[in-house]
Structures are given as C-alpha cells and as structure tokens.
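In structure tokens below, several structures.
Across the two complexes that follow, chain A remains constant while its partner is chain B and subsequently chain C.
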Partner chain A sequence: MKKILVACGTAVATSTVVAKKLEEALKARGFAVSIDQCKASEVPSKAAAYDVIVSTTEVDGTAGKPLIRTLSFLTGIGIDADIEKIAGFLK
Partner chain B sequence: MKRELPVSHIYFVRGLTAKTDAEVIRALAGRLGSHVKASFAEAAVAREKRSPTGLPFPDVAVALPHAEPEHVESPALVVASLEKPVRFRQMGSPKVVLEVGLVVMPALTAKEQAAAGLASLLTLLQDVELRRALLAAETEAAMQAALGEPA
Partner chain C sequence: MTLESSVRYILGLGPAVMMPLFITLLGLLFRQGFQKSFRAGLTAGAGFIAVGLVVGLLVNVVGPKAMAFATVLGLKLDILDVGWPMGAAVSFASPIAAALIPIVLGLNVVLVVVKFTRTIDVDIWNYWHFIYTGALIHAATQSMPLGILGACLTAMIIFKLADWTAPVVEKHFGLPGISLPHTETLNWAPLMFGLERIWAHVPGLAKLEADPKAVRAKLGILGEPLFMGAILGILLGALGAIPLWREGKYGAWAKDILTLSVTMAAVLIVLPKMVAILMEGLIPISEGAREYLQKRFPGRDLLIGLDAAVVIGHPANMAIALLCVPIMLLLAVVLPGNRMLPFGDLAALPFYILWGVAAARGNMVRGLLNAIVVLVLILWIGTSLGPLTTELAKAAGFSPQGMGAGAEAYTQWSGVALGSHVVPWMVLKLFQPGARWQGVLALTGFFGVWYWVRRSPSEEPVKEAPAPAEADAKDEAAKDAPP
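Then we have the complex of A and B:
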C-alpha cells in the first residue's frame, strides 16, 4: 500500500482536514492509501518512509520524496489538479 | 439547520471596524469575555505573527486566529464579519497578504483541541453558502441564523 505523509504546523488542525479530504478523493479514484499526519518540522526525518508528502506549510527537506505544498484541500482552489498530481505519484 | 460545532457558546460581531490583524484579534478577544484569560489576546496576536491563519477561499479570505489552551478558561467561539477587509498573512505562506473579510476566533481548551475542534471549524468554513450568508448578514441575529444552532 502506498503511503502519504500529511504535514502542517502543529499536526492538529489543518493536516486533519487535509488527510480526510485526500483519503476520500483517492478512494473515489480507486487508490487505497495509508495516510499519516505530522508536524512540518518532523517531515525531514519521517519523509523517507513515504511515497508522497503533502504539506500546508513550508518544510525543510523531504528526503528526495515528491512534495505537494498546497492549501487546496482547505480552500477548494486547485484541488482537482492537486489530486491528479498526487495520484500520479501513486501509480 | 444543525451544524457540528466544537463549542456551545458562540458570539457574533457584524461589521467590525479595525485597521490591523492585531486590532481585530484584541477586539474579538474582548467579545469572548470571561471565556478567556487576560493573556489570551496578546498570545493570539503573537501566535498569528508566528503562524498566520489566513485562508484564501475563492469568494472571501477567512482568518482563524487563536491562542494556546492555557490562555482559555472555557470553550467559546466568536464569528465576525469585517466592515472593510483587514490584512492577514496566509497560513503556511507568511509572505502572502490576504484581504480578510471574515474572522472566526475559537477559544479551545485542551479537551476541544484534542477532539479536533479546529479541524471541525475548518471543515465548516468549506461551505460556500455559509461563508456567503455570514458575510451578507446585516445583523448579528442573521449571522447566528446562518450558522444555526450547535448540534
């Protein structure tokens, strides 16, 4: 199963919303994924174990893993393009 | 209409006049009254500087300033429309400045925060009809009607 790491400043609020939306959107496209949340500051040390990193804020390195930095899962602007991009990394 | 809200005490401010994000936060902290400690306003101002909360929805930018649970006495929420947009910086991209028209400021204790109270507010704000109704409301009672009773 592909693994996605969702990061935000505190790992409490925005990443919870992003993770839920992302899971629903990918499920609807037939992707079964495992999604974890973390603080943006934890990304550099955790990224290696994941296929894609999604963050609402700046992160300081992703161990070479693809990073999607976006607020689209909160605001709706550009959400379809982001889901396509993420789905592309899961194939 | 029932909505899922993390708190049962909700206050409304229609057409708040303020020049800066800090002015907005201080005014709304005052509206939260005894739900928050005296330290809440400045803690929220400092947090907004450190971690801005502006979100650029397609129709209106919304800010969700807040302070840590230790500055909160009991859970509450204040929802405000601004008379004229006020500049807040964008969540995750502090260099981006947004003209914010709606402000939602929660006072959450550790209990509601653990129960993803902020996440439920963020989910609520994704409803474009709700955002429009709150912005268009001409009275605080109309804002309350738009949000509905806590579920």
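Then we have the complex of A and C:
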C-alpha cells in the first residue's frame, strides 16, 4: 500500500477535492493507496512517512519525497497528465 | 397544515436535516444524478453533525478556560474567535444558503456574458463568504431579498477585484489564467496596494529585507496547528489559572494548564477534519458547477477563480504569518476597542495577510507592516460582527450559551476570518438601519483607494531588495509630474 500526502492551505478545501479525485482515479487504475491531507505548513514534518506529496500550494521541503504541485484537479485542465505523473511515482 | 406552518416546520428541522435536502436538490440541478447527489447531501449532513461534536469542546472547555485569563487580567475580551471552519459551517447552515449558491453562480454567468468580469468562480466552497454576507444582512434586517442583494453586490465587487489582481497572481505567484475571487483575502488588496504607495515615500524602507527561511526555521513549528494550540493553551491556561495558584492549589493549577493545552491542540486539528467531511459533500456541486461554467464559455479569454489556498504557501507569506501569531495576540490585549480573543484562525493567518505580502511583492519588512494593519482592522471588524455572528450560530444550533462555569467571561462568537470580511462588513453596514452612513463612508473610502491604486497590480513587480530604489524613484516621478 503506497501512501500519498495531499497538502493545501487549510487541509480542508482544495486538498479534499484533490484527495477524493485522486483516490477515485488511482483506484480505477488498480492502485491500492491510502491518502491523507494536511496543511502546507505541516508537510516538512509529515512528509517522511509518505511516498508521494501532492500539493495545491508551495511547500517548504518534502524530506526528499517527490512533490507534484498541481491545480489541475481544481481547474479541470490537465488532470489526466497529473494523474499519470503521480501513478508513475507509485510503480 | 397551512403552507406557512409547513414552511416553518421544514426550516425548523435544523441544518443537519436541511443540508442533505438542499445539497441533493442542487446536485440534481447540476445533473449529477440522484445517487451521487444524495450521497453528497448525506455526507454534508454528517459533516455538520461532526462539527457540532467539536463545538461541545469549544463551548465547554476551551471557551471558558481560555477566556478566564481575560477576567484574571481585568481585560474586556468576551468574544471568542471560533475560526473560519465554524464560519463556513454556520453559513452553509443558514436558510439563505440554498438560494444563494445557484443565484451567485447565475450572476457570475450573466456578468461574464456581459463582459463585466473575466473570472468564472468555480470555488463553490468559498461561496460561504457570500452566504455569510447574505446571512448577516438577513439577520440584521429580517429581509431575505436584502440579504440576497447584499450577497450579490459583494460577489460583483469580488469578481472585479479578482480580475484586477490577476496580473499579480500570474507574475508574482506564477499562476497564469487563474484569479482568486476569495472574499476574505482578496478584499484587502486595494488597501494593501495603497499602503505600498505610502511606504514608497518612507526613506530607506524600500531597501529593508529579511530572510523568510530564517524565520521559518525558528518559528516553523508555530505554523502547525497542533503545536500552536498546545503553546497557546499553556500561555492562556497559566494566566487563567492564577486564582488556583494564589489559593496554593498547585496540583490543580498544573492540571488546568495541561488540560487546556491538549484540548486547544485537539480543537485546532479536529475541527478542520470535521469541516473537511462537510466539504466532501459539496464536491459534486462544485464539479457540476465548474463543468456548467466551463461548458458555457469555451475559448473565451477567461480566468478560472480558485481558492486563495493555492498561493498561501509562498515563503514570505508563510514566514510573515508566523511572526503575526504573537503580534496578533499582543494586539488583542492592547488594542483599544477590541473584544475578540484570536484562537481558531491563528493557524490560518497566511490567508488574511496574503495580499499585504503580495502587494509588497514578497518583501518581508513591508509585508509585515501591511499585515499588522490587516490584523488591527480584523480585530475591530471581528468585534463589530460578534453579535450578528452569535445570532447566526444560535440559529444553526451551535449555541454559545449555557456553558456553566466561566460562561460570564465570554458571551459571543466571532472570528479572525469573519473580521477579514471587509467588503461584506461594508455592505452589511449599508443595509443596516442606523448604520448606513458608516457603510457609505467605508465604501466611498474603499473605492477611492481602489481608484488611486488602480494601476498597481499590472505594474512590473519591484525587484527584491536591494535593487528597488530606481523603480520607486520612477514611480514617484510619475506621480509628481504634472499630467
């Protein structure tokens, strides 16, 4: 089971949208993932326990874990490319 | 059963029942199918119940215990900042919410068609700012149409501000094609650009700069709600429990402090998670609305309006927000006219100061000065919105009354996020009987400043220190020169 951390400004609004869509999309591609949400300010201290970090805003350090910064889940433009990119890190 | 009594019965069912109903209906309106819509509605209702559980903690433990320090110090701080998650929950629970989501969306479509705005606001979640505006006016005037009118007026101003600041979002934050019609942050922009004009005349100020990395390395932990709550709990608890210390009950004194510390940490991490459940219930509506809006205007040069959450991670912004935590607490104690104790939104300060830092183009020193002005105004506006916000919270079933011990110290709810609703506050005043002149005066000032700085967001960003002297000189020369 791969672990993904989704960060945004509040850990409430945009990250919920990203987390839910990502979960659906990755499930459809056959990945078993567990997704958690956090605030951007919490990423540096939490990142170590995850495989991939996805964020809608700038984050300050991810403990060496791959970071995908994306707005596509919110704007609807380029979602598939971003999902492919994230899936690539999970293989 | 007459029509009137059935309407009253339905409204009397309470938000936990009403929300599933209206979200299911909205979901159907946006063609999301019954099953998906109903699941979303039920999720939002569950989220609302979940928020209610945490309110118990706020009301019974955090409120009275945290506010006790004010009594001990002889301060008049009787309004608790319950945080934006509660503001959102209370707004979505108000009877005006169901009407306002489709109305503001429809208004947005019309305004894009007539080319009043280029922003399509797909950030349905933050429609709560407009709903809060409408709910406030509804509570103040008892008139639903006035509430809707006020919310629409606010939305129009915000869409315009979003268009106006889009160049900054593109150049400073690096997000082309995006605007941020996020009321509680964006409505500070004109004032902040105005302050920048003033700072430009202060000798030497333009050359000052500090390193955001250094601040974050030292204070970064304060940005994590868990630690912020714990530290705040110890500070407020130690002061509030002074009577126990005086009585020589040291064991009880320490227990009080530690309990408050862990409880405040708990509220700050649990409440957002509960509100996230409510948010999950809004996703299908948000999706449906986005598809609806984007399908209407293919190929037009438009801006997609998003939550300001997508830019708050900017390093200078996060660093200044950390510095603002102790400053805001100090201001709350010393600022004349303030009655609000900041708590729930201290971890969300990066939002409210966002345009102060953006107007300074990330300069730490001027950004901090701008942010302090924002904090002062937030405390005053938050205090002023206390009574009406408390009324809305009571209507939603989150009553800050009947709290037992310590209750006399704290009687109202408000929030830093709510105090950040400058445009809604001005529009409310405009509609509030007896306060109209304040609204007229404030709005005149607001539009005056906006007109004064109308070209600021499109100007090339001033380079990071120590280079800006030249740009500033040019700016001044342009202003002083006769036309």
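Remarks
Just so we're on the same page, the second predicted complex is superposed on the first by the 91 of 91 C-alpha atoms of A that agree within 3 Å, B and C clash if a C-alpha of one lies under 4 Å from a C-alpha of the other, contacts with A are read in each partner's own complex, and residues count from 1 in each chain.
The definition used in the following text is that contacts are C-beta pairs under 8 Å (C-beta built on N, C-alpha and C of every residue); 3 or more make two chains touch, one makes a residue touch a chain.
Because the structure is predicted, anything quoted here is derived from the model rather than measured.
When the two complexes are overlaid on their common chain A, residue A:E42 makes contact with chain C while staying clear of chain B. Of the two partner chains, chain B and chain C are each touched by A:V12. In the superposed model, A:T56 lies in contact with both chain B and chain C.
Touch criterion not met for A:G78: it reaches neither chain B nor chain C. Of the two partners chain B and chain C, more chain A residues are in touch with C. Once the two complexes are overlaid on the shared chain, A:G88 sits clear of chain B and of chain C alike.
Within chain A, the residues touching chain B in one complex and chain C in the other are 8-10, 12-14, 16-17, 55-58, 71, 74-77.
Of all residues in chain B, those touching chain A in their complex are 51, 55-58, 90-93, 113, 116, 118-119, 122-123, 126. Contact residues on chain A toward chain C in their complex (touch as defined above): 8-14, 16-17, 20, 37, 39-42, 44-45, 55-60, 71, 74-77.
By the touch criterion stated above, chain A contacts chain B in their complex at residues 8-10, 12-14, 16-17, 55-58, 69, 71, 74-77. The touching residues of chain C, counted against chain A in their complex, run 84-85, 122-123, 125-126, 175, 177-178, 216, 220, 223-225, 272-273, 275-276, 279-280, 283, 286, 290-291, 294, 304, 306-315, 318, 347-348, 350-351.
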